[in-house]
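Which chain is which? They are A, B, C and D, in the order written, and residues in each are numbered from 1.
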């Protein structure tokens, strides 16, 4: 396993670094988060122009045909700069479901405009009580004429309030937690009967509860074969999970750098705080944590790109998420504590990195969830 | 040591519970936090009417002459309901400095109006790089005519943007971290040269950086003997630290109750989540944590009320804060995790209890700080 | 709750301290552990003469009528000096079952000779796969003439190889893990068909597997009503558990003292190791742990002495054991580590305290077991 | 980085596995440990015949010219089977110092007989208060005629009581902890004035304090240039540290396998213990730990084999040891606990794996030591 980036990946990383430096200073981010939309359409278009939105989308539909490893540096940057634009919801989830499971017509319709930055997407999947279980889908789609009618509620869907198109998971057969019988439909946010109820998340990002009240969907809105969507969902959510691990790597690096900088520049009793032995040891420990987390995230991205054995893919992704969730908790708490009280204030970036790390630990399943998945895989 | 409340304390607790139930529902709190001031003058006046503001203030100046133990139930309620009104800043810090160190004239001037809920206070003490060290005071007061002139900045002072009167610590002699040479002055927020720069804290409370640019203070604004304020500051901050431990007890109880309730009512795969063995064990562990934290907080409150030996008082308070900071971290992380992802959303109270617990772990010194203080006491 | 000992308890503690100093130096203990029996009959008789064996046995049968709190100082000394003589097996378990559940005739026969130090006992209860569950009793007693015949194996019974009399738990009715149907019999170790297979435990104490191959017991050998022994067993094991918590307190104190002493006297790079800030903080943390553990152990001893509500007694004992098991693990690991590698050698007492703490964490149920018991009590 | 073994390495691993299966069953090991010497000369000769002793010794002196990665499988087997024969002391330390720093004559004299299994060695280095610091050498060598006279004590030297030849570190110049001024001498154990005082270690291995009372060494007994031995010592101790990390991997695997086996075969309340969800999750967590530890150990072995930059070599080795020391503590405690009390008995292998893991965590420096080394490297 080679953990070093290719030359192409290095060039991309340099371009991303320039973008972040120029366009996503912490002050800019603060303004974006405080704005009514909570994300910037301008920034999104710039990302699209730089090719960052199309990175892991198919080349024939305007993307660059990359994989998770090609998106690693971007995710590190998203984690490092706390970028709130809906890359994960749009590219890693919504468009990815279309790219991997959609019809040619759906791809033609949706993907180029996504890659160009004209539209964003969301994946409306989680429901009350699901606790990260992907097969827990109780919202029903009832056959009706040539299509279906959907009624029910999806919870805390990232970017749902702003997305142009939502991919909605529904149950078309079986019990509420059966593996069989789950279908996906592409639904416009403007569809009659669909309403969104905005939520602010701990990490400053926006989400929304999505209420579907008799929303009609045509047959050709189905993504993939009806009733058989779970493997596709698992595939795409593993892809996004591997990517969020890379985001964690960037956020952890940012937290560690901020803490180290703080300790080196602040003085107590006349000497830099960072000269205290106990603090040095903890910083070194956090640096080791970052190295380990980076290896785990890299392995997870490699697995979602190349591992054909689904069980082995799941095992690698879940093992990475278990350790990375732990690392998120540890690093976030340590960085707050090592800032000596100042980490509580909104004005310090580390306070926001703390929040994002706390959220990443939970997103797509916490350590408990992935330990349970691993235990089930071994059975 | 009797950990059970007296009958009088029980009556008070019942009255507080009624107040919280009627006037501080989570929705009300949300509106208050989102308001421009970030705290409600109405709620504050109600608290004053119920005698809660004057609880630990001297009876001869409109208070009830109670101590930390008498305020225990109130602090538990403040932690449980996440009350953001500035009780700690006003009563446990600002007014307490006056009550314990001020002249009769100062007490007469300030305390009755505090107890009646007409005014609030703040304690402007922390500075850049101090990391919880109480003797780190670099802001200087220069003698000038009959009084002094103060120039410098105080960081992240709770309630500073709203307080009517600030108690400001300054250095009148010695080096920046000497124990000798620290003085306190009561300064009106409206004083010429004093400006505040608002900060939002992670826990939703408001604070402000206080910039003093040639603020003039008269000689009779000094609280206690000039240059000898540190023991008074240590006394009052220990008092507030013991009280915040009680607040943690209430917040931990609230987080545990919310988690237990969540686990009992939500179902996964057809059974209540709370029937899973692993989760039950963790809930039991959290309940033990609450019991232990309660004992530690009670001992700390007893110590600040009755322990005459300063070293022993400090030892008890610091030991309590060390353990309670650990418990805050553990309980906050566990409650988020046990909510299975839903704890990330602003709409759930537990997300806010998480924030407050994270803040309490830091406030008045984290575990590191109090371990260091304990080590220094033993030397 | 008053955690301070009475005057009488202080006198006893002083007498115990003298005994330990004179008769149980670490070198003496080393010789005793290496001896064929692994315990000293001389030391046992001295303990009996000092009244330590009869401490919690009924006064009318040669004891002193004390409880767990009266035995607290003795258990701390047993933990501190790593006394391997079979006090717990004999007095807290075997004789205690007789004292609480036996007939007058049984008490007359057994207890005075126990109190005088002439005989020792053991409680043969644990079986393969029981994992601390007290109701897991699969060894059967078959009615036979006027008595019963017992066949089966009891595992790792402390002092079984040396005890004169064993109390053996058997199933006389029901399934292997039913609460009903458990009986107790007093059996002489010399009984035909009973053999013991010696085991050395990690902590240097001796135990034995007890094989019962058609052992005949008379009807009057039954302790308490046949089939109804479980509440008595739970009562006595809670008593012993509370006492082992007190032993942990003594062992933790001893480990902390040894570590502190080591850090103060050893120098590295010309300064005492103990002057390193990081180590000081950890020592302070361990001292807080000792204080907390002492409170928990004291509450557990008070509960087994006075709490009439069985559920509340169990809750207090289990909560104490959960925390004390954690503390045993933490303190044992820290003390080894803080000894900087030297703690690995048999010649240092701390290496043996490490082992005993590791064993105490498991004995009568580890943290997992007691969390499960607590969860079951709350159901 | 390729973590998979080469074909040659696989063949070797198979041969080692056969050796362990045939010659080192747990019962055999128990007898060896209980024997007066505490290690078996027969086993040692078999290991030599299989080429295991000469594995990382130079081919021109009877070895196989391998490195740490070639010895990885052997170390895993040593950890898995708890082999107590003095491979590390002889091959990774004593003979390695000769192979890397000795004269041709010394190599000719010593190495072939080592590789053939005729002699064993030890490295007498640690002193009172050194706490893993390699530059702490206070034992002095005084020039005397053509050679030197050594007086002083070396502490807890592995295999010192049985080794034929000891490599002894001494100070020939400078202060007790200076980096300059350290020399190495090869000394026969039979040398006049040298005596050994046996110690048993927690993990069942034998060590000895080495007292040098005017031991005379000739000039040509010096290994390497006088006064400049520290880099050689650091090189060889890093080599041994990387190897002990591989031993930890084997011991952790063995502990995990034993625990899994225990959980699968034992039943409680009629179902296999291993079917309990909470235990499954912990087993999965331990399996992830094993995977991570294996990667870290592999990187450390690769670094000591190929990394020419000393600082980077040290960084990789120390980072591995930090994490592996943590893993040793976690896995050892968990395996004892998951065995539900039975892990305390000497008869279970897991009780001995627990001890060895506890020792490995300390050997060549615990997590504290290596964090301090990393912090110093970064300065």
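Rule of thumb we're sticking to: a residue touches a chain if its C-beta (ideal position, glycine included) is under 8 Å from a C-beta of that chain, and two chains touch if they have at least 3 such contacts.
Keep in mind that this is a model prediction, so the values were computed, not measured.
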Worksheet item: Same or different for chain A and chain B, where same means more than half of the interface numbers show up on both copies?
Response: same
Discussion item. Farthest chain from chain B, going by the mean of C-alpha atoms per chain?
Written reply: D
Worksheet entry | Between the pairs A-D and B-D, the one where more C-beta pairs touch | A-D
Worksheet item: Where the centres are mean C-alpha positions, what is the separation of chain B from chain D, in Å?
Response: 53
Worksheet item: CA centre of chain A versus CA centre of chain B: separation in Å?
Response: 37
Worksheet, complete the sentence: chain A to chain D, mean C-alpha position gap in Å, rounds to 44
Fill in: Touching two or more other chains - residues of chain C
277-278, 281, 368
Worksheet entry | Partner chain C, residues of chain B touching it in the complex | 1-3, 277, 280-281, 283-285, 287-288, 291-292, 295-296, 319, 322-323, 368, 371-372, 374-375, 378
Response to the item:
So, in the complex, the side of chain C touching chain A is made of residues 276-278, 281
Discussion item. Residue numbers of chain A touching chain B in their complex, please.
Written reply: 126, 128-133, 136, 155-156, 177, 199-203, 207, 266-270, 273, 278, 329, 333, 336-337, 340-347, 351, 354-355, 358-359, 361-363, 365-369
